[in-house]
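Could you have a look at this structure, given as C-alpha cells, before my questions?
Labels run A, B, C and D following the written order; every chain starts at residue 1.
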Amino acid sequence: MSQDWTPDELMEVNAARALAGARTCFVGIGLPSTAANLARRTVNPGLTLIYESGAIGARPAALPLSIGDGELADTADAVVPVPEMFNYWLQGGRIDVGFLGAAQVDRFANVNTTAVSRGQGRPEIRLPGAGGAPEIAAGCGRVLLVLRHSRRGFVPRLDFVTTVGHGTGPGDRAALGLPGRGPVAVITDLGVLTPDPGTAELTLAALHPGVTVDDVRAATGWDVRIARHPSFTEPPTGAELAALRALKSPREEAT
Amino acid sequence: MSQDWTPDELMEVNAARALAGARTCFVGIGLPSTAANLARRTVNPGLTLIYESGAIGARPAALPLSIGDGELADTADAVVPVPEMFNYWLQGGRIDVGFLGAAQVDRFANVNTTAVSRGQGRPEIRLPGAGGAPEIAAGCGRVLLVLRHSRRGFVPRLDFVTTVGHGTGPGDRAALGLPGRGPVAVITDLGVLTPDPGTAELTLAALHPGVTVDDVRAATGWDVRIARHPSFTEPPTGAELAALRALKSPREEAT
Amino acid sequence: MADIRSLHDAVADLIHDGDTVAMEGFTHLIPFAAAHELIRQGTTDLTLVRMTPDVVYDQLIGAGLAARLVFSWGGNPGVGSLHRFRDAVENGWPRPLELDEHSHAGMANRYVAGASGLPFAVLRGYLGSDIPRRTDTVATVVCPFTGAELAAVAALNPDVTVIHAQRADPAGNVQLWGLTGVQKEAVLAARRVLVTVEEVVPALDPRPGALTLPTWTVDAVAVVPGGAHPSYAAGYSTRDNAFYRAWDAISRDREAFTAWLDSQVRRREGATPR
Amino acid sequence: MADIRSLHDAVADLIHDGDTVAMEGFTHLIPFAAAHELIRQGTTDLTLVRMTPDVVYDQLIGAGLAARLVFSWGGNPGVGSLHRFRDAVENGWPRPLELDEHSHAGMANRYVAGASGLPFAVLRGYLGSDIPRRTDTVATVVCPFTGAELAAVAALNPDVTVIHAQRADPAGNVQLWGLTGVQKEAVLAARRVLVTVEEVVPALDPRPGALTLPTWTVDAVAVVPGGAHPSYAAGYSTRDNAFYRAWDAISRDREAFTAWLDSQVRRREGATPR
C-alpha cells in the first residue's frame, strides 16, 4: 500500500478523530480549526463549533483564515459578544472540548505561546501571546492540543507558562481551582501522547503509521515516556483524506 | 380664571417641566412615566426615555401600563438585556435624570418602598420593594421624586430605607460613594420641595396655584422647612393640559 | 439537547418539590401556562426566584406552593399590590413566605454570576440601603487596585429555569425577541431548563433583536400557544392589561382567589392531579 | 451627541499625543482608515489598547506612534507573526514598546468593568499562568460568600475608542452587525468615541443581529466607505485575506515596510501632515 498522505495530514486526521463523541468544541485558529472542521465532515457531523470571535455553531464551507471570517457569523446558530462568549459560555462550563495549538509544550502539557528565551542578555523571541488559551484550557471539559513534533516545540522547561495543562503533576489543577480535566491528548505529526493517569506526564500512546519510537524520542526535548505497548493509529481513510483536501482547497485557491 | 385642573394634573405638569433640558431620563412606572412622556410632548421633545425593562429611547404613543409593554420595545432606539441596562447604562453613569415614585420619603429625601411598620407585635404592611430605585438614585446624574403629599407619605422617620436620597445630611452621599447628585426636587400635588444647599433638608420652594403653606404643613409629617419666599408654580397651560389628557385617554379607554 | 414534550410531562420530569425555580420574563414572555401546570401538579415547597414576582407568582404563592421568594419588586405593575404575596408575608396565608429581597441591579447581577460560573458579582449597589440587613446574599468586597468598597451579591443558580419564547425549531433551538430581560442569564445559570413556545417552525430565520438559545442549553421545549397570557409574546399577542387590572379584585379576597384558581387553573381541561 | 465630520477633523480633535486609544473590532470591522489618519497626522506617544493588535497596530507600531501596548494576542491571524510588533518588542525599532499583556478573557472583562463604571472585574482566569507576573493589572479577590480566590482585572477606560460600523443615521446613531466583538464595551468604557461608517442612511431599519449605539454615546461619526479594509464590514465587503497574507512580506523588512507606509498611507490623497 503506497502511503499517499503527508505527516501533517496524519496529524489533522487524528486530531479530527479525537473529537468523536464531543458535543461542543471551542476552536482555536490554525490546526485546531482544520481538525474541528474535518471532524464535522467525518466522525462528528453534529459537532458544534464555537469560535472566540462570538460564533456559536458555525458551519463554514471552507476553512476560515481567521477566527473572525464573515462566514463564521453568517452560518452560526448564534452570534454573541466576546465578553459573553468568555463569561457565559466558556467560564460558565458549557463547552466539552477546547482545541488548542501551541508553540511549546512541556512534559505536563503546559503551554507557552508568549515568549522564548534566546539566552542571557539577548531579547526574548516574541510569540503572539495568550489569546483565549488560559481560560479555554481552564474552563472546557477537556483539552486537546495539536502541534508538530520537534525539539523546539517539546521542551524540557517552558520559558513562560502561558496556559496550564497539568502544572507539575496530578492534583495541581484541582489545587489551582481549574474546573476542567485539562489536556487529555497531544496530537502531533508523529503520534499521540496522553497524560499518564498516575503521574499526569505525557506518554507516547500511539504512533502514526510508519513512525518509530526513536523518531518520537529524537523530536522530543526530554526523555519522553513511552507506553508499554504503543499502538498505531489507523491510517487515514480515503474519505478522511478527500474531506481534508476538499476543506483546504478553496482557501488555497484564494491565496 | 376658572381652575380646570386637578391636583394630580398640577403634579404631573410640574414633574414634566422638571425634565426641561435633560437628555436622558431613567423612568419609573406610574407618575414618573406620565411625567416623562408628557415632557416629550411639551418642554423636551428630544428627551430620551429609558425603561429598566431594556428599552432605550422609547417613544410610546400612549402611556404604558407596565414598564414592559410591547410598545416600549417596538418604538425604542435600542433594546438591551436587563443586566446590561443596569451595568453599562445606569451604573456606567450615562443617565442624566432618574425619575422615581415613592411610598414614603423623609426630610432628607430618603425613600421607603419596602415595608411600613404597624407597630409593635403586628406584621409590617408590605410594599413592593426596591426594584431599580436604589441604583437609579445612586447612578443617575440627578434624581426627581414625585408623589402625592400626605402625612402617610412624608414621614419623620422611615421604617426602612430602601433608597438613599441625602442620608442624614450633606456629605453622606459622598461618604457612601454614591456618584450622582441625588434628589434635586420632590414634586407633589401641593408644590415642589428642594434640598437646602447647606443642610440637604427638603424645603418647600414652590406652591402650586391655590395651595397655601399651611396646606403643605398639614400634609407633611415633620415640621417642614419653608423657603423664605416660596414661589408659585406657573399654572398649567392649555397645551400642557391637552397633552396630558390626550396621553392618558387611550389607556383609560382600554380599561 | 432539548426534547419537544408535552407541558405536563416536562413539568413533571423537570420540577420537583423543594426545588429552586426561576420563571423569568420582564413583563414580556412570562411563562404563565407552565406556572398553572405546576399548580395542577401541586409541586410544592418551592423557592421561587424572579426579579418581578408579578401576577404569576401571586398565583403560585396563593396556591400554597412557595416556601420562599427571592425577588426585587413585588407589585402588580401599574395597578397596585400583589394581594396574595402580601397576605402570605403579612398573615402567613396559606403558609408563611420567607423572603430574600434585593434590588433589580442586584438580582440581575446574581443571575449574571450564576450564568458566568462565578460565586458572586460586584456592583455599586445597596449603598446606604437597609436591604443588606435582611439578607445574607449581599456583602462587600474591596477593589484590589483602588481600595474602593463595593457590593458583592451571591450567584443565583436555580435548579430549574422556566421561560416562554416565541418559537423553536424541531431540534429544540429556541428563539425569542422583544424585551428579553434577564432570560438568557436565568437559563444559563440553571441546572435544568424548560421553555414553552408559541410554535415550532421548520427553521429559525434571523429576526431583528432576536436571541437564540442553542438546543444544548435547554432540556425540554413544550408547545403552548398563548402560554404567556396575560403577559404577551411580541409578534404573537399583546399584554392583556385588562386582566392585570381585573386581578386586583380577584386576588384581594381569599375566597374569590380560590374560586378563580379552581375554575380557571385546577379544573381546566388537561389537568391531571397527582 | 455625535457630529458627522471629516475623518481628518474628527481624528485631530479627538485623539491627542499621549492618549490611551482603543481601536476595536475582532477581525471584523477594524478601523484601518482611522489608524491611517493617525499615521498621517503623526499623533504619537500613544498607549494602544486592543485584544488582537492585528495588522492595524503592526502599522501604528511600525510607524513609531506607540509607546505602550495593552493586548492579549499579537499575531497575524492564520498567517504568522506581526513583524513590526516583534521588531519593536525584540529590538526597540523604531522605538521600544512597553507591554501590558493579558488573556482574551481578562481583556474582555477589563472593558466590561470600564463600561460598567466599576474599578475591576472578577473572573476565573490566569490560574497558574505566568501572565500576572508581568503586569500590575491582575490581582486576586476572595469571594465573601464561599472563600474562593478569583482573579481580578483592573478596568480599562480608554481616552478614546475608535470603531468602524456599517452605518449611521443623520442624527449620529450608529448601527453595526455581524461579529460585534467587544466594541460596545470599548465604546461605553471610553471618554471619547469616534466611529467611522460605511454610509449614512436616512433611518436605521432594524436588522438581525444588529446593535445600535445611540448618538449620545458617540462624539463623532466620519463617513469612510471601505474604512475597515483589509478587514471587512459584513454586508459591504469581505475580508481581504490576500492582503493579510501579503502583509507578512511587506512587514518583515523595515525598508519594505517604510516604503509601503510612505506610498500607501503617508502620501495618500487627503493627507495633511502637521
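Assume a residue touches a chain if its C-beta (ideal position, glycine included) is under 8 Å from a C-beta of that chain, and two chains touch if they have at least 3 such contacts.
Bear in mind the structure is a predicted one, so any value in this text is a computation, not a measurement.
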Over the chains that touch one another, what is the least number of steps taking subunit C to subunit D? 1
Shared chain contacts [subunit B and subunit D, defined touch]: C
Where the centres are mean C-alpha positions, what is the separation of subunit B from subunit C, in Å? 28
Between subunit A and subunit C, tell me the centre distance in angstrom, where each centre is the average of that chain's C-alpha atoms. 41
Just the number, please: Cα centre separation of subunit A and subunit B in whole Å. 57
Multi-chain contact sites of subunit D, meaning residues that touch two or more partners: 112, 116-118, 123-124, 148, 184-185, 209
Could you list which residues of subunit A touch at least two other chains? 87, 91, 139, 179
Graph of touching chains, which shape: line, ring, star, complete, other? other
Chain-chain contacts, ordered by label, are A-C, A-D, B-C, B-D, C-D
What does subunit A use to touch subunit D in their complex? 29-30, 52-55, 64-70, 72-74, 79, 81-83, 85-87, 90-91, 114, 123-126, 128-135, 138-139, 160-164, 167, 172, 176-179, 254-255
Can you list the subunit B residues touching subunit D in their complex? 23-24, 48, 56-57, 77-78, 87-88, 91-94, 139, 179
Show me the residue ranges of subunit C that touch subunit D in the complex, using the header's touch definition. 116-124, 137, 139-146, 148, 150, 152, 154, 206-210
Applying the document's contact rule, which stretches of subunit D touch subunit B when the two form their complex? 112, 115-118, 173, 184-185, 188, 211-214, 216-217
Parts of subunit C lying in touch with subunit B, wherever the complex brings them together: 26-28, 51-52, 71-75, 77-79, 81-82, 85-86, 89-91, 101-105, 108-109, 111-112, 123-131, 148-149, 178-182, 184-185, 209, 232, 234, 238-239, 241-242, 244-245
